[in-house]
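Two complexes are shown next, each including chain A; its partner changes from chain B in the first to chain C in the second.
Let's turn to the complex of A and B:
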């Protein structure tokens, strides 16, 4: 029974991490219609900034966390200002592919920049909480609890912001129809900038949490980014709660498959799930489907 | 007829003949085996790039599976040689056909998807292949005292034979391999040229430019998609087989993301959707890569920055920019989106 619970806990923890990662991706995808392939690099950046702030500069933990989130936001904003805005301005029909390629270039550059500055060997993230608590038969490490709480909190905060604030309404309007939003006076440029900065901030925080479980290395963010993409795709474009739910579900499934068949079969199983879902429902499980019959 | 072909065929043929002449001169002028080997490797990249350009540039399908198909071709050739005892030359064609079958599966899965979904699916396929091969550790067959995995594992699949130039040419085998790879590249480019200029090529471009209108005019989108996947897979699989024969090993490193990014960068910098783009891009990027080899650790960083700036500044690539420079006529192509900058 103990293995059942430990697999459950680890699956939920990993699911929470993927959920946080996919929140940022889903936001950008819903609002801009592009895939930010530099998301994984932003994750890594967040982890390393916290490490540098706490271990390198000796600042307190809270400041380190804040620094990671801020670094992610700044990086996200820079990505928008320098790259995404210019590609969108070119007005080409396949701008999604161009943005993907450009952000891939940035991701490579960022990852190698981190490699040059910090070196390639894995580092230990100082922002960790050791120890665990026991709830009857469950052994719940504090770190996992923090991560799960953070995931739910992040989703709640962003969902509330989207639903209640003016900027949230602007983001939703732009996601639904960019030109109509522009005609109604929404500053689309600023909306895009905010979306990328929010997504970057969330990615920075996620990287911080992720690196507390796995060690810091320059290619930290690549795998989670790909899995978060998969979960966004399976959940469907534009549904934030859907992305979070699917993240938890798929992570649990992956944990079970890895426990039953071995670690190398987890990702292929995810891929099969994606293929099946996309063939059955091309818009994702819960997305707004626009089926153009041709 | 002129309007159908677009750029006069004479231009393309002249350039091709010049390039073939230059390629023939290379072994005479270049003494170092390292440089010749690098040029051969660059020709492989150019092959893959030209086929990815066919799928993405001409047909508009943002597939990220070219390396997976290339690897399938290479692994199939190597496995046929090892497990069935064929020679590399005999296994090249079947290997390419296996790659076509594989790409058919991928194409079927992508049929109902568009845009970024295809990219994600194919990227995931490549990653899964890489992970499965590089974590393959159980012994499939015992050769003497050496344990061989089914796919060769992280070290790669080796000891299955080679292109046969070592016996024939002894010390000059690299020149022989170079000639074989050159011949394959010329074959691939010539076939691509014929396809692009043919009605099939027009169908590809129709699907890319306006799928709804193309379907209304009777172009079968599914058939075209499967066709472009199959054609590009045949040539990529063939190139994969020759790659396996040339290097005498094929490993999962060919499936890694940096290689994919390199191929994409080649096509982007050369010019997406142009015929000579991949070759131009290969020359520029492989040259830049060699120059940056001195810079050591800054190489990949430089590559990433080059990709990002090239997309932002030169979305049509070098060939597109040169076309704009040498055609003083106003650009007849109307913008597809009425997108005015703020």
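Let's turn to the complex of A and C:
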């Protein structure tokens, strides 16, 4: 029974991390229709900025956490202002492919910049919480609980903002019909900037949480970025609630596969899930199937 | 027309890629007037409205609002008091009817004013109140058209540009939609309408323009156009 709970907690913790990583990716895809390949590098940046603030500058942990989130937001904003906006101004043809290639470049530059500043050796993230709580047969590490609570909070804040705020409505409107949104007076440029900043902030926070579980390294964000992409494809690109649900579902499945068949079978299982879903439902499990009366 | 024009087009030229659709179009509308542009399909009626709202880039000419030239910034069109209800409506299919209407009032900071506009739209188009929580993608063509017009009303604009409101709809729905447009005109709004069939709008249109091959070939009172077999036969296939 203890093994069951251990695998469950492990699956939920990893699922929470996948969910936070995929929220940002899905948000950008949903609003702009482009894949931000630098998303993983923003995760890494968040982890290192917190490390530098706390260990290097001796700032309090809370400031370090805030710095990680802010660094992600600023980097996301800069990606839009310096790259995406200019590519968009060149015209809509090949916009998606051009942004994808440009953000691959940014990811490589950011990763190498981090390598140059911090070196390639793994570093220990100071933001960790030791100990655990016991609920009957369930032993829940505080670190896992914090990650799960943070994931749920991030999801709730973003979902509420999208549904209830003026900017949220503007983001959804722009994602559904850019020209119509502009006709209503929405400054699409500002919407895109906000989306990249929100996505970057979530990525920064996710990088911090992730690095508290493993160690900091310049390639920290690569694996979660790939997994987040898998979650987004399986859920249906651009569907936020779908990405979150699939993240938890597949992470639990991955945890059970790793327990039953060995750790090396976890990733192939995820890839198989993508293949099966793309054959069965090309738009993803919860992708936007347009119900339209003729 | 004695009142100064609220909207004026001077020698408008625009088009898509290498094709010039509008070839020097000039028009003026006074406040409170209802002006209809008629003409055969594919001769630039919709392009004219899309150029005014900035969706199609202006190549040459000038658009003047209250006597002052305006630039082609789409997102400023609403702020300038111009509501464009385009052909095909350009709605937000994944949002509910209510959310689509709220998007019309995106620039309005006053929640009491938004509620007042919602009441007005619901009284003019009661079906939208019934369909409030329904996703727009699941509505019929006529209902989508109503959402488009309702959203235009929610913008609180003084100039309404409506592109072919009757296109592809059942006669009963067309009647309902024109009833709303007539009431909007009676409430003092300036209306620039695009329509293929002049007979349908002649009763409530102050002036009419006939657009052919990107140029106005005639303008005057609707009764004159309907009385002229020559014009109807030459330009409207009638």
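Assume the second predicted complex is superposed on the first by the 288 of 294 C-alpha atoms of A that agree within 3 Å, B and C clash if a C-alpha of one lies under 4 Å from a C-alpha of the other, contacts with A are read in each partner's own complex, and residues count from 1 in each chain.
Note that in this section a contact is a pair of C-beta atoms (placed from the backbone, for glycine too) under 8 Å apart; a residue touches a chain by one contact, two chains touch by 3 or more.
Note that this is a predicted model, so its numbers are computed, not measured.
Visitor: Chain B or chain C: which reaches more residues on chain A?
Guide: Between chain B and chain C, B touches the greater number of residues in chain A.
Visitor: Which of the two partners, first being chain B and second being chain C, lies in contact with A:183: first, second, both, or neither?
Guide: Second partner only, chain C.
Visitor: A:109 in the overlay: touching chain B, chain C, both, or neither? Say first, second, both or neither.
Guide: Touch partner of A:109: chain B, not chain C.
Visitor: Scan A:169 for contacts with chain B and chain C and give back first, second, both or neither.
Guide: In the superposition, A:169 contacts chain C only.
Visitor: Quick one: classify A:267 as touching chain B (first), chain C (second), both or neither.
Guide: Only chain B; A:267 stays clear of chain C.
Visitor: Across the two complexes, find the residues of chain A that touch chain B and also touch chain C.
Guide: Residues 188, 292, which sit in both footprints.
Visitor: Across the complex, what residues on chain A touch chain C?
Guide: By the definition above, chain A touches chain C via 166, 169-170, 172-173, 176-177, 179-188, 288, 290-293.
Visitor: Spell out the residues on chain C that touch chain A in their complex, using ranges where they run on.
Guide: 53-55, 74-79, 84, 86, 90-95, 99, 102-104, 106-107, 135, 137-141, 151, 155
Visitor: Okay, in this complex, where on chain B does chain A touch?
Guide: 56, 60, 62, 109, 112-113, 115-117, 119-121, 123-125, 127-128, 131-132, 135, 209, 211-212, 215, 221, 257-258, 261, 264-265, 268, 297-298, 300-301, 303-312, 315, 335-337, 339, 341-342
Visitor: Which of the residues in chain A end up touching chain B in this complex?
Guide: Residue list for chain A touching chain B: 29, 34-35, 82-83, 86-94, 96-98, 100-113, 115-116, 188-189, 222, 226, 229-230, 233, 263-264, 267-268, 270-271, 274-275, 278-279, 282, 292, 294.
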